[in-house]
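Two complexes are shown next, each including chain A; its partner changes from chain B in the first to chain C in the second.
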Partner chain A sequence: MVQARELSVPRRRAARTGARRRYAPRWRVLAVFLLPALLLYSVFIVYPLVSALDYSFFEWRGIRQTGFAGLGNYRDLLSVYPYDQQLWRAFGHNALFFGGTMLIQNTVGLLFALLLFRYGRGKRFLQAAFTTPYLVDPLVVGYLWSLLLNPTFGPVNALLDAVGLDSWALPWLGDTRTALPIVILVNAWQWVGFPMLMFSAALAGIPAEYHEAARVDGASAWQAFRRVTLPLLTPAIGVVSVLTFIGNFNAFGLVYAMAGSSGSPAGSTDVLGLLFYRVGFVEGGVEAIGRSSALAVLMFVFIFGVSLLATSYFRRRERRLV
Partner chain B sequence: MTSARRAPGRVAVHLLLWGYAVVALLPLVVMLLNSLRPTGEIFTAPLRLPTSPTLHSYLKVWTDASFSTYFLNSLIVTGGAVLIGTAVSALAAYPLARHDFFGSRFLGAYFLAGLMLPIRLGLVPIFYLMDSMGLIDSLLGLTLLYAASGVPFCVFVLSAFYRSLPGELDEAARLDGAGEFRIFGQIMLPLVRPALASVTLFQFVPLWHEFLYPLVLLRSDEKFTIPRGLSQFFGEYTTDWSALFAGLVLATAPLFVLFVLATKQIIAGLTAGMSK
Partner chain C sequence: MNPTLGENERNCGPKGSLMKRRWIAGAIGVLAVALAACAPGGGASDQGDKAGADKVTLSLWSWRVEDVKAYEKILAKFEESHPKIHVEFKPFQATEYNNILATGLSSSGGPDVAQLRAYGGLQPLVEADQLLPLDGKVEALSGFDAKLLEGSKGHTDGKIYGVPFAYQTLQVLYNKKLFSDNGIEVPATWDDMIAAAKKLKAAGITPFAVAAGPDATWTLPITHEIFGNARYGSTAFRDALVKGEKKFTDPDFTASVKLIKDLEPYFPKDVVAVKIPDVQALFVTGKAAMYPTGTFDLAPVLAADPSLELGIFQVPPPPGSPVTTPVTPGWADGSFGVNAKSAHQAEALELVKWMATPEFGQLYATELKQLSAVPGVTPSDPLLAEMAKNYAGNGAPYTLLVNFRYGQPNGDAVFRDEVQKMLTGQTDPEAVAASVQKGVEQWFKPGN
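Right after this comes the complex of A and B.
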């Protein structure tokens, strides 16, 4: 690392003088290198995103712009039935999704990382086993669990019956009270390997002397964890939290597979991703373009804004550690 | 702490970890086992080893439910997109990483911005853009879109790799009279091969799983990719559970195979790059 940094200064300068000497005739050459990527990226990624912002400020009748709307589409989303109810409900579900995931998936991931840290034989196998579901498409995970949790033919309830817990055998995905928690648990089942691996890597980076010093000072295992290990995990906690947040607020495939595009039963699992799809392509009506674009902009501002704030918060926490 | 007090704790740790390993793997095992059993058997006993394993459901899913078509489409779209995305990014990252020209910094930042943009939020404009180009319900349209979505990540990773190569390499070649294209093709590209392998894999997985774009952009059954086909299939075969499980296995298997093959390939590529 140090070596690379020392070398990079003269190297950069050399590249620069070389570049200057061949500056004039190279524009055509540069174009061959840059244009394909530039075109592809600008047409299919940048242009649609900029258009979404643009579209959100206009009134639409089908695919025809009928006038400038200002913030009209945004106001409609917050005040016109059924969006005024669905938007906040979906937002609330996303917030619960995120909270539940932090509480269950990331806490369990940390626990597994801690337990596996000094684990002997079988550690590699266990790590591989915990991360395997993450290789499966979220859509497949959703469909698989909807079969496993089926109230009549599903193995989960059959298992509960077999061990005498038949009163626990609920119609998991058919009940408005259990559906969202089940979605959160299934999502955690798929992703728990990710925080485990992140925390394992972070734990491996903590010098052993810190733990020894804590033990010499007579700290209990819990005190050592709370006062030494946990603060040193701040960077990893930050990364895991922000990525969990972005992932949860963009959730689509898993929920679609388990609850359809309307977040059944009775919208109890509806999330922003599903709502966005419905407003744009299922039930948006003639104003679909304007409203779904406005929703896209709101989601972007919220997700991007919170991610930035959280990142800078964790940076400050980290700096206080040093 | 005495060993007597630690022993039950250790047992609890073992139980917890190995117990959870069962929870993590059992659903996938059940998926595989039930795909080998007839539906009637699954309905009477959801959790049982297959008495006489049969590949009947796979045959049905592969031909009747046109999974062979979905599979081929996924392969064309994902493979094509990864090839195009990696190729154009390998080209673009080279001058961005190794030359200073007017606007090079701006262009670098422009590509980098794509890493932070939630590109799916452009879905509605993408739909009308594709519509205006006649690319709705078209594998070509989906391929180009997928390829474009990989560009920011590839440019970012490949630039870092190009930058880490010693400057003397291209200077010497230039003194010997080699043009930019020869330097790129014969010196730079072979040296970043390990990076090409890993960006290929990292693009492949999310694109193979992509569901929202095909849900909106594809219309006809013969154009469906696996995830899109799977959602169709789950609506049609609701009561044929054996087929449903077989469909899930078929949708999952390619990535398991790829992962097993590719981890070896990537590790080999990385170590080969390091020994030079």
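Right after this comes the complex of A and C.
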């Protein structure tokens, strides 16, 4: 905020000193630069969003609209078996996914960032190593891990057998108790580099004097972290949390690759993205477009709403820091 | 930041005005090209008009990207006997095909003739009036197997919208060498089959290569059909279901579901985590002896090991079955239909009429190693010929696919999730049957 205010001052001054007339047609230049992006954004983002909203209010038979449905599709989604149960189950799994990711991925990411910040040795290499998995598409990561964890041919269980831990050689992705935790762990494995980089950047921005002052005052390492570092990381925590939330509630590729479209086994890894895919594309049925659009709208409203609330919450926390 | 901003401003000085115009022109040009590329291309029909006054080009859409060469060969034969028609085969990604076709049929650049999904997959196109009914237009259809024609009929109007091209049958593939090594004969009764499975398991061989993992849920209803079709009562039960005389909660249907649970000890370990490629590998490498599957798996299995000695058998009816002879469940794969908006309907009809002739059927069976739906075509491959014979003699419907995919939730989607739950011990056969009934009765009206 402070930076932005400083930057805008010279520009305003320039405008006041008659520069505006000299550059009168500037909006056209702006338009040329903005128009392509705006057009693409409208065609590929705004239009699909608006049309999903539009579709969700109509009755469908295949690709033919047969009449205005009002909230009929939304009601169906919440009342037709098995969607009435699958919707809440998937929502619950998304919440677990988010909670697990915050707890594991983002905490470990913070730990890595702190360690790299404290002990600089091999920093470049380790940073690169931790962020490499996110160069790979989640679908590929999912298939790789499901191969590794394959109970028949996979090396993970073969290794466990070889070292005498055969009681640990579980069907990881075939057990309703372990499947979702495994998906969360693999997701964390892929994305742990992201919170690490965010927190590293934030740590580098904390003036060293604060820590020195804390040490002079006799604070222990933990106290210094808890009272000085962590509060100053609030902006980074906010950004990481909101992006994790958006990513996790939109999860699809990784879960699809590891658990198929039905959230195998027995729906224990089913998430909203998979439910949408099934209703819209897999199961067919002449009602598919209306119901899947309704689900897409619900997901968007929820994710957008919570993201806005979370952002404003973290803004307020940040303001309190200043 | 400041210096950069200054530079930009300098560039937009008097000299910049000419550049600006070029910029705008350039940007508009780029956009125009991009938009043109996005717009649907002119259909093959338009090209046909330009190509010559009397030669018509038909566009044929398909989801079989892998069959381009075979179709070129097949269609060349058609063009020999129909010199005034040229057919352009245009395949699309199978997973995207339904949406591409629905869009194509509603706009002007669509196909003249299109490969159509069967049963519930066809219904959205029928309801949108996008296809030409073929009743009375393709006489040869009256000779087709009635069970297979169901796949290309509209659900409510009963009209035929396509010429069926292929069908799938369900049976057990077995490894002849493993059977003889273990002194096992092709089972004549259910108990023989269980005894054989026990023997194989004791010898360290997986008896049945069945997958129930994340990619395999769609094969669970297939496994159920292979072992349980006779147990639930086959065609008679299906007819009773459709008329509303029976429900999925019927004890016979429940008993057929329970068979899957009973057979679980003879499936690979941790079957719920096992994927389709895993069981194919088990079967191909001789680690599993029997592979309950459809015709569609014959080619991939033989491609993996052409030297594999394979046999097939129909599962003997389990004790208590209402149907006492072994059955071969099957279904129509799809059909070829005519776009209601085609500019060359007469020629398109010529093509689909030809697709109902034994000439096409034989070419199709030979080139694609599939079971042709055209009556009187015998496959040259002995295993395929046996499957065709079994289906002709004891064909049965794959009930959940054939009759219960017309609404949401579709019958086999509910079924496979519930069966997976049953295999993980979270539910029982009665609850599986009850869920299927609860799911489909929300849209299914008996009597249709």
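Note that the second predicted complex is superposed on the first by the 275 of 322 C-alpha atoms of A that agree within 3 Å, B and C clash if a C-alpha of one lies under 4 Å from a C-alpha of the other, contacts with A are read in each partner's own complex, and residues count from 1 in each chain.
Please note the rule applied: a contact is a pair of C-beta atoms (placed from the backbone, for glycine too) under 8 Å apart; a residue touches a chain by one contact, two chains touch by 3 or more.
All values reported here derive from a predicted model rather than from experimental measurement.
**Q** On the superposed three-chain arrangement, identify whether chain B or chain C touches more chain A residues.
**A** So, of the two partners, B touches more residues of chain A.
**Q** A:G285 in the overlay: touching chain B, chain C, both, or neither? Say first, second, both or neither.
**A** second
**Q** Please work out whether A:F153 is in contact with chain B alone, chain C alone, both, or neither, and reply first, second, both or neither.
**A** Once the two structures are laid over each other on A, A:F153 reaches both partners.
**Q** Quick one: classify A:S51 as touching chain B (first), chain C (second), both or neither.
**A** In the superposed model, A:S51 contacts chain B only, not chain C.
**Q** State whether A:D217 touches chain B only (first), chain C only (second), both chains, or neither.
**A** Touch partners of A:D217: none, neither chain B nor chain C.
**Q** Check whether A:I63 is in contact with chain B, with chain C, with both or with neither, and answer first, second, both or neither.
**A** both
**Q** Which partner does A:V32 reach: the first (chain B), the second (chain C), both, or neither?
**A** Touch status of A:V32: both partners.
**Q** In the superposed arrangement, what residues of chain A touch both chain B and chain C?
**A** In the superposed arrangement, which is not itself an observed complex, chain A uses residues 7, 10-11, 19, 23, 26, 29, 32, 36, 63, 153, 281, 288 for both chain B and chain C.
**Q** Quick check on the complex: what are the chain A residues that touch chain C?
**A** 7, 10-11, 19, 23, 25-26, 28-29, 32, 35-36, 39, 61-64, 80-83, 146, 150-153, 171-176, 258-260, 262, 264-267, 278-279, 281-288, 291
**Q** Going by the contact rule set out above, which residues of chain A touch chain B in the complex?
**A** For this pair, the touching residues of chain A are 4, 7, 10-12, 14-16, 18-20, 22-23, 26, 29-30, 32-34, 36-38, 40-41, 43-49, 51-52, 55, 63, 112, 115-116, 119, 122, 125-126, 129-130, 132-133, 135-140, 143-145, 147-148, 153-155, 158-159, 162, 189, 192-193, 250, 252-253, 256-257, 273, 276-277, 280-281, 288-289, 292-293, 296-297, 299-300, 303-304.
**Q** Hey, which residues of chain B end up touching chain A in the complex?
**A** Listed in rising order, the residues are 13, 16-18, 20-21, 23-25, 27-28, 30-31, 42-43, 45-47, 84-85, 87-89, 91-92, 94-96, 98-101, 107, 110-111, 114, 116-129, 144-145, 147-149, 151-152, 155, 164, 166-168, 170-171, 174, 179-181, 184, 208-209, 211-212, 215-216, 227, 230-231, 234, 241, 244-245, 248, 251-252, 255-256, 259.
**Q** Can you check the complex and tell me which residues of chain C touch chain A?
**A** 1-2, 5, 9, 12, 17, 20, 23-24, 27, 30-31, 98-99, 102-103, 106, 120-121, 123-129, 212-217, 268-275, 278, 281-282, 405-410, 413-414, 416-417, 420-421, 423-424, 426, 435, 438-439, 442-443
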